[in-house]
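Structures incoming, each one as structure tokens.
First chain A sits with chain B, and in the next complex the same chain sits with chain C.
On to the complex of A and B.
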């Protein structure tokens, strides 16, 4: 049962939970920026949680269905419409053969996850259907979808009821200012104590360069470095290091001016120092930030990071219990 | 050499073997990552060696971060006592230096360069004290190189030359990164050479281009059918200068599916190397071209 792409939206890609295991070769995990939204969308339409969905950014696609389908849209508040009639987000709904799924303008967040019962069935690459566009790998021909594409859909195992929903308290909103919790470390010692304090005091804004590779932030004060003799191989700038691996969520600050948080399609390494890492529980939130969103970084310790991770896992368990 | 351990959030351990680049640091990082792989620690999901450091990604629901640290420190003790030898391979990579495609690209981005009046390779030759670009190319394609890290983007190798520090080539990166770099550009930044596996942004100086693809997600290239990424950390590379005719010939061979990279298995001993650098390199080259 293929889906015909009438218009593609801004950048709509096939994503699942990603391809771990190849980061040491520069191939990032990829997958949905908001993994909770992807899991929820799949649960709503009766898919395995890791089935491939479409991830739309800011602007939804227009999709023509040639057979009946059950669909759910989660993540950003990007209201779906069936033949022009609005449907709820975070709620499964039916589309009849011949109907068109389109979207209203975005109200909140940045990325929507569009799940179809049966899952998007493009051929997996290295164990995943996620699109890694830089490496022309996975997804639909290794790229964002375009009008004229026909997306294959897997056979749905179960006929799922429409109207299944994830209650509002089980959704997560980025809030304003958005707070991102950070465990400091890595090359934190490269900046002065004062600069470290300042980083957490300042309110930053999401810059326009914000994509699947990473989110850049602006508006805070520049960070002052501790003096040093550049180590051999690092380069002369105080923000340079001997090229090393970058953790997902790590915060590099080239030249000490604009922090960049690496996300699912991260470059796996490079020569810029990092001051810490956004905790795993807050990575999904970043994928929902629009440009200019006020953002504060909050210093936390490992125990807090692990507790937050548990809290996220319990939320997921709760919707699993309700929906499976 | 005692390593510095730091957590990258709740899912990564970052281990800096040394702040500065050296073959010793690279070797220790590589042998530690091999030890971690062999130890099959449950909860470890990614093991990424880098130039003078490495990174482990783990699932904290399976292994407590502190328990993983303890285990890594134990493996460091073992790695410190291990003999620094490596079963690896040496690969010849043909390079067309001063090619028209990287030249066209570097001319488009002159205003982002330290020395807009020179080409990248002229600039690199001059600041490294070579009297001509030919001499510089002779040095770059002379002694072999270690693939000290694979990453940044899909399958891109960082390479570190197997010479003493006095003979290391060093160049700064572009003042501002380019938005374009031809696929298979042979680049240079800091003390590292690289091959751009895909077209895209980049900040390394551009010296030439290789006709030999090193990443193929479609796995159609004859020698990339088994796996789409060519390089592994620990590979040894010998550049060989080629001209336009040979470049075109190699490109045609690649397209026709009959290009076979010259690859030989070798055993590398860091101790032997440190005792006699030029002799070790000469023997590596002999093995590469023995038949």
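On to the complex of A and C.
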């Protein structure tokens, strides 16, 4: 049951929960920027949680269905429409053969997961259907979808009920200002105590250079570095280090001016100092940030980060129980 | 440059709103050292570029979908915008 792409949106890609295990070779995990939204969308339409969905960013695609389908749209508030009639987000709904799914203006958030019962059935690459566009890997021919594409859909039980929903209190909103919790890292000693304090005091704004690889922020005060003799291979800029591994969520600050948080399609290493790492529980929130959104970084310890991860897991368990 | 991202426009008799399809930053000129694409009072036709929206390291044309006279711009050059926000008005009475 293929889906015909009438218009593609801004950068709509096939994503699942990604391909762990290749980061040491420079291939990032990829997958949905908002993993909770992807899992919820799949649960709503009766798919395995890791089935592939379409991830739309800011602008929804227009999709023609040639057979009956059950669909759910989660994540950003990007209202779906079936033949022009609005449907609820975070709620399963039916599309009849011949109908067209389109979207209204995005109201809140940045990325929507569009799940179809049966899942998007493009061939897996390295164990995942996620599109890593920079590496031309996975998804639909290794790229964002385009008008004229026919997306394969897996066999599905389309008797899944319509109107299955994730209640509002079980959705997560990035808020404004968005608060991202950070554990400081190995290179914390490189900046002065005053600069470290300012980083967490200042309100930053999402810059236009924000995509699946990373999110750039601007508007806070520049960092002041501690004087040093540059170590071998680091170069003279005080924000440089001898090349090192970059964790997902790590915050590099090239030149000490604009922090960049690496996200799902991160590069795996390089020579910029990292002030710390956004905790795993808050990574989904970044994927929902629009440009110009006010953002604060909050310093937390590892114990808090692990408790937050546990809290996220419980939230997911609760919707699993309700929907399975 | 992405040509596909035109605005949707809400019609009322003789007045058409040019809305942003995307959130981002709005520009009225193709580059800082170049003149505005269009100014209020200019006559415009379907397909004319009225501005740019910058988002995710890319620029997207705001394309005119009605013939008429360009009225006022409701947002400043380089202003942050939301999707669905009215950028300008076209008068074709």
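Criterion: the second predicted complex is superposed on the first by the 322 of 324 C-alpha atoms of A that agree within 3 Å, B and C clash if a C-alpha of one lies under 4 Å from a C-alpha of the other, contacts with A are read in each partner's own complex, and residues count from 1 in each chain.
The rule is simple: a contact is a pair of C-beta atoms (placed from the backbone, for glycine too) under 8 Å apart; a residue touches a chain by one contact, two chains touch by 3 or more.
Computed from a prediction, not measured in an experiment: that's the story for all the values here.
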Chain B versus chain C as contact partner of A:100, first or second or both or neither: neither
Touched partner set for A:305, first chain B, second chain C, both or neither: first
Which of chain B and chain C A:292 touches, first, second, both or neither: second
Partner chain(s) touched by A:323 [first = chain B, second = chain C, both, neither]: neither
Which of chain B and chain C A:271 touches, first, second, both or neither: first
Chain A: partner with more touched residues, chain B or chain C: B
Chain B residues within the chain A interface of the complex: 6-12, 14, 16, 18-22, 45-55, 57, 60-61, 65, 149-156, 158, 165, 168, 172-173, 189-192, 197-198, 200, 215, 217, 228-229, 233
In the complex, chain A residues that touch chain C: 7-8, 10-11, 57-59, 104-107, 208-211, 290-292
Chain B partner contacts - residues on chain A that touch it in the complex: 20-27, 125-126, 132, 134-137, 142, 182-183, 185-186, 188, 231-236, 240-245, 247-250, 267-271, 274, 276-281, 302, 305-306, 309, 313
Parts of chain C lying in touch with chain A, wherever the complex brings them together: 2, 4-5, 19, 21-25, 54-57, 60, 80, 82-84
